[in-house]
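Note that the chains are named A, B, C and D in the order they appear, and that numbering of residues resets to 1 at the start of each chain.
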Amino acid sequence: MTMLAGIPLRTAQWDWDYFLHQRREVLSLWPSGSELQGDDAIAAGVAYHKAQPWWKYASLRNKRAQQEQRIQLVPQVGHALTEQTIAHMQCSEDLGPDRWYVLTDTYTRKAEYAKAQDAVERSRRDGFSYLNGYPLAAHGVSGARAVNECTRAAVGTDNNDEDARLPWEIALAAGWTWGTIKSIEELIQHSRDFPVDRNIHNQQYIDRLAAHYTEQGVPILRRASANLPGWDSLGFKVTVSLLEVLLSAAQGVKFIDLSIGIGMNLVQDVAAIQALRALAREYLDKLGFGDVEIHSWTYFFLGDWPLQRGQMVGQLALNATISALAGCSGMYIKSPDEATTTPTGEGFREAMEICGQVVRLVAGQRLPESPELATERAMIECEVRAVVAKIMELGNGDIAVGACRGFETGVIDTMFSPYRFLKGKVKVVRDANGALRYLDPGLTPIPREVAEYHRECISRREAKEGTQAGVRWIVREATWASRSLRDEVAERSY
Amino acid sequence: MDRSSRRQPVVVLGTIGHDAHIVGSSVLRIALEEAGFKVVFLGAVVPAEEFIDAARESAADAILVSSLYGMARIDCSDFGAKCEEAGLGHVKKYLGGILVTDPEAWDQTEQIFRAQGFDRVYPPQTKTDVAIADLKRDLGLD
Amino acid sequence: MTMLAGIPLRTAQWDWDYFLHQRREVLSLWPSGSELQGDDAIAAGVAYHKAQPWWKYASLRNKRAQQEQRIQLVPQVGHALTEQTIAHMQCSEDLGPDRWYVLTDTYTRKAEYAKAQDAVERSRRDGFSYLNGYPLAAHGVSGARAVNECTRAAVGTDNNDEDARLPWEIALAAGWTWGTIKSIEELIQHSRDFPVDRNIHNQQYIDRLAAHYTEQGVPILRRASANLPGWDSLGFKVTVSLLEVLLSAAQGVKFIDLSIGIGMNLVQDVAAIQALRALAREYLDKLGFGDVEIHSWTYFFLGDWPLQRGQMVGQLALNATISALAGCSGMYIKSPDEATTTPTGEGFREAMEICGQVVRLVAGQRLPESPELATERAMIECEVRAVVAKIMELGNGDIAVGACRGFETGVIDTMFSPYRFLKGKVKVVRDANGALRYLDPGLTPIPREVAEYHRECISRREAKEGTQAGVRWIVREATWASRSLRDEVAERSY
Amino acid sequence: MDRSSRRQPVVVLGTIGHDAHIVGSSVLRIALEEAGFKVVFLGAVVPAEEFIDAARESAADAILVSSLYGMARIDCSDFGAKCEEAGLGHVKKYLGGILVTDPEAWDQTEQIFRAQGFDRVYPPQTKTDVAIADLKRDLGLD
C-alpha cells in the first residue's frame, strides 16, 4: 500500500448527491446494510430518533449535566454477542451511566465483515466472546436497537480504524445518538499502511451522515478524540483533536466533544484540556462555525495499567480526580480489569462506583489558575498553533489536504506507532514531575521556545537522577505506571 | 563449539494479526538486542504468514509473537502447524501479551495456546528478563 | 466530674525529679509497669533502642524520605492479641509500610487495665478480638517487643483519650520509636467529662518521657495530631495541632510531626497544611525551640466513609491524592473496611496498594501556588493567630493554663463532641465547593474578616441551591460522603 | 384512643459504653424529634445503667442504643436482662451503629445482639427513616 490512494480531498461540506452516491456502495458492503438502502431508511431512522426521550441524547445530556454541574461518566462495552453486550450493560444500569461507549471489534473496524460474522457464530457455539468488541455490522439494526433499548444511557460507538461508514449507518438508524469519528488519530494508533486520504474521506462520510441527521432535527454528537497513547505529548494530542474538530465542523456537525487522553500530570493535563477548548472555540469561530457547541472530555490514561488490583483502582481514581479538577463535562473511564482481560460488566460497575465517588466529592472543585498552569497552557497553545499553521500552509489552506502532507513531511509524527508511513522521529520522556516532554521533536515544527522549555524540564530530571535522557528512559517509562509496588520495595536498601 | 564461534542467535518478533499494540514488542526488541540477539522486527499488524516467511528467510532460532488486543485465539490458530508445514518445526515459538479475554484461570489460557503450537506462553506483563532467560535456556546459549 | 481537677499546670519542662515522682505511681497502675520501676529500666530501654537500625526510627525515616522525595504511608493495626496484631502486620510487610500505627483499645486508653486484661482472656478463649485496639499494658514489654520485631517499619502508638502514661512507658521500653500524644484533641473527641488540666498534665508526662529518651540519644518522634472529625473547621484543626506542638516542645521533644485530618477540599486542605507548617515554625522559633524538627503529615478524612467498596476505594485514593499534592511527608491511611468492620490486614494491604500507586504517580507534583490558595491560607492563619493569642492572654502567657480557660470560655469549641464541658455553639457547613465554613463560630474569637469570608462562601451555596444554611445542611452533610450512588441515581428524574 | 389524645411517644437515645461516636446519634435525635418523638438524649460515653435509669424516669417507650467503636459485645452484654430486672421488659430496645468487628455474616452479628436482649439490630448506615418506621410499627403508632 502507499500512503496516498489518490482520492481528491476537500475540507468542505459534501454535496448530498455525492454522499448518496457513496452511500449505495457503503450499504452494499454487507447484508445488514441493504435494509438501509434509499432515502426512506434515513427518514425511518429519524422517526425512530424523534420518539426517543431527551436523555437518550449525548448532546442534550451535555447541556443538562452542565446546568447541574454534574460530571458525566462513560463506561465501555463490546462483546461478540448482543446478549453478552446487554448483560454487561445491565451490571451498571442502576448506577446511571450517562453514555455507553460501545466499541466495535477489530474486524468490523477494518470492514472485514465476513470474519466478524464468522467469529460471532463461533462465539455463539462456544458461549465465549471471540471478538474484542461488538460487531455492529454483523448484528445489524435489530441487534443495535436491542442494545439501545436496554439502557437509559445515550448509546454511542467507537469504531473507526479504517472504515466505519457502514457501522455508523447502522448505529444511527438504530437510535444511537453519538460516536467517535477519527481519521488522523486512527492511522497513528491502529493502522499499518492504510492510505491517509482514504481514511479522511471515510471520516468525512460519517461526519456528513451525522450532520444530515442533525439537519433533520436529531442532535447527533460527534466525539473528536485524541486518546492517543499515554506516552504521547499533550501538545500533539491537542493538535490531533483540533484537526478532527475542524474536519468535522466542515461537514456540518453541530455538537462536538473534545477529548484528551490524559497523561497523569495534573497541571499539564488541565492545561491541555483548557488549551484545546480555547483553540477549538477560536478556530471554529474564525472559520465560520460559531454555532458548533463544544464540551471538554477526558479519556483515562492510555498507557500501562498495573496488574495488582489495589494499584489499578488507585490509578483509576487518580484519573477521575484529574479529570474532575480539570472541570470537564465528563470522562471515559476504565475498569479494574484493564490490564488483565477484556473488561467485564462487574469490573465497570466497580469503576462506576470508584469514579462516581471521586467525581461527587470533587464536584465544584477546580485546579485554580496559577503561573505554572498558565505557562503549561501557553506552551501547548504555542505548539499547536505552529503545527496547525504549518498544516494549513502545506494544504494551501485546506486542512484535509494539509493533514495528508503533514504525514508525508513528518509535521505529524510521534513515537510507538504501527503506522509505517509515519517518520517515527519524535521522542517523548517524562520530566521530574511526571510531565511529558519532547526529548526530540523530530521534524515537527515545534517552536524553539517550546522545545527549549521541554529540554529544560528534562535537564532538571537529569540533574536530579544523575542520568542522561535517552532510550533507557523511554523503555523504563513504558512500564512506569504498571510497575509493581512490591518489586519497588524489594529494591529499597532498607 | 565454543562461545565465540557460535553465530548470533536470530529472533523474529512482532505483534500478530490486526493488533496495533506496538509498545510491548518495541520494548522487547530493545531488551533482546541488548542481550545479544539479532532481532528481525516486524512491527505491529503483522499476518501470521509474515512471521513464518521472515523466520525462514532469516533462519531464525525463535519466533516471538505478541498479542494484546484480545483476538489471539483466532490470529494464532494453527500457528504451530503452519510453521511445521514451512519446515520451521524446530524453531522455538513464544507467545505473550494479554491473551485472556473472558476472565479464566491462567492454566486454561496457557493450554489453549500450547495446543496452537507455542512452546511457551506468557501471562500479562511478563518482564523481558524472564523471556530472555527462557530463550537462552531453550536455545542452549548458557 | 468537673472540668478542672485543680492540678497546677505550667508550660515548661518538668524537673526530672517531679517526673520520677509521678513515674512511680504510673508504673504501679498495672503489673506490666512494675518491671519498669527504677532508672535502670529506662537505661535498658535506651540500650535496646541503640541496637536498632536507623530505619526503625520514624524521625530518621522522615529525613530519608524527604531526601528521596518519597511520601510515606502508614497503615494501622490493633487487635486484642499479640498474634492477631502481628498476623495483620505481616499482610503488608512486603509493601514496605514506613510506620505501623498501633492503636490501643478503649479500655487501655481509659487506664481500665483490668477490663482490658479480661477482654484479652475472653479473646484468647473465643479466638475473636473483643477489643478495638492492642492492649499495650496487658501485653507488657514482651508483647510490645514481639510486635516491634515482626516488621521493618517504625512502630508507634496512638493511645491517649485520658491517660496513656503507662502504655507509653511500655512502648518506649519495647523499642517503639514514635507515637501520638494528645490532650486537647482527645478531650474534644473521646471524653465525656475528664478534667482538662489532668489530661494536659498526663500529656506533659509523656512528652517529658519522650524527651528524656531523646536526650539519651534515641530520636523519639511525637505526632501532634489534629485528626479531629471531618466535619470540623480546618482552622480549628490547625489551632489544636499548634497548641499540641507548643506544649510538647516545652517538655523538650525534638522531633514533631504536624498532622491534619483532611476535609477533602483540595485547596483548603493544602492551605491548612501549609498554614500549620508556617505557624508551627514561626511559633517554635519565637518561643526558643528553633532546634525542633517538624514534618507535615495528613490523616485521612475522619468523617463518614461509604459502605460500597468501589465508592470506598475511590474516596481512599482521593485522600491520598490530596495528601500527595499537598507535599506532605506522609499520610495515615484508612482501609476499605473502614465503614464496616475493624480494619483487617488484607484490607490494609489493599489500601497500601491503592495509596502507594497514587503516591508514586503523583510524586513530584504539587498544587501550584495561586490566589485561591493564598487566600485560604491567609484566612486560616488569621483565625489561628487570633485564637492562639486569646489563649495566651487567658493563660497570662502560659499555653496550658490558657487552654484550660479556653475550654471554659468557649474560645476552644466545636460541634459534635461528646465532651460535656465544651460549649458546643459552633456550627460548620460545607460551601458550594465542599470547603468547610463557619456558619456560626460560637464564642470562638474568629476575626471578623474570616467570619465574613466564610459567610460569603456559604451564601454562594445558598444562592445556588435556593435553600438556607442551617441544621438541615449539617444533618445532610453528616452522611454526605457515605451516600450511596445508587440512591442518588434513583432520585434523578431521568 | 384517638390520635390527638395519645401522649407523645418517648425515646431514650445515646451511644453506649466508652464509645465517643456522637454524630450518628445526634442525627438520629433530630430525625426522631422531627417525626414527633420526645427524645431523652444522653449523648455519648453513656454507661448501660444510665440508659436504664433514664428510661425508667421518663417512662420511655423505647431505648435506642448506638455503638460504633467495636466493643458493643461487651458493653451490651445482658442489656435485655438488666432492663427486665429494672421492670423495663416491655420497652422496645433497638441497637445500631457498627456492630461487626471481625468480618462476619450479618445474620450472625444480629443473632448475637438479639441474644443480648435487643428487639431490633441494625446494620451499618441504616437510614433514620427505617428506624422511625420500625418504631412506629412496633409502638402501634400508625
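The rule is short, and it goes like this: a contact is a pair of C-beta atoms (placed from the backbone, for glycine too) under 8 Å apart; a residue touches a chain by one contact, two chains touch by 3 or more.
As the structure is a computational prediction, the values presented were derived from the model and not from experiment.
Asks: Could you tell me which chains are in contact with chain C and with chain D alike?
Replies: Shared contacts of chain C and chain D: no chain.
Asks: Can you check how far apart chain A and chain D are, centre to centre, with Cα atoms defining each centre and the answer in Å?
Replies: 54
Asks: Starting from the mean Cα coordinates of chain B and chain D, work out the distance between those two points in Å.
Replies: 66
Asks: Centroid from C-alpha atoms only, then distance chain A to chain B, rounded to Å. What do you get?
Replies: Centre separation, chain A to chain B: 30 Å.
Asks: Please categorise the chain-chain contact pattern as a line, ring, star, complete graph or other.
Replies: Line.
Asks: What chain pairs are in touch here?
Replies: Here the touching pairs of chains are A-B, A-C, C-D.
Asks: Which bits of chain C are touching chain A when the two form their complex?
Replies: Interface residues on the chain C side: 53-55, 64, 94-96, 152, 264-267, 306, 308-318, 320-321, 325, 349-358, 360-365, 367-373, 432-434, 481, 483, 485-486, 488-490, 492, 494.
Asks: Write out the stretch or stretches of chain C touching chain D in their complex.
Replies: Those residues of chain C that touch chain D are 105-107, 110, 119, 128-132, 189-192, 229, 231, 304, 307, 337, 339-342, 344, 416-418, 420, 471, 475, 478-479, 482.
Asks: For the complex, which residues does chain D have touching chain C?
Replies: 15, 17-20, 22-24, 26-27, 30-31, 43-46, 69-71, 73-74, 98, 100-103, 124-125
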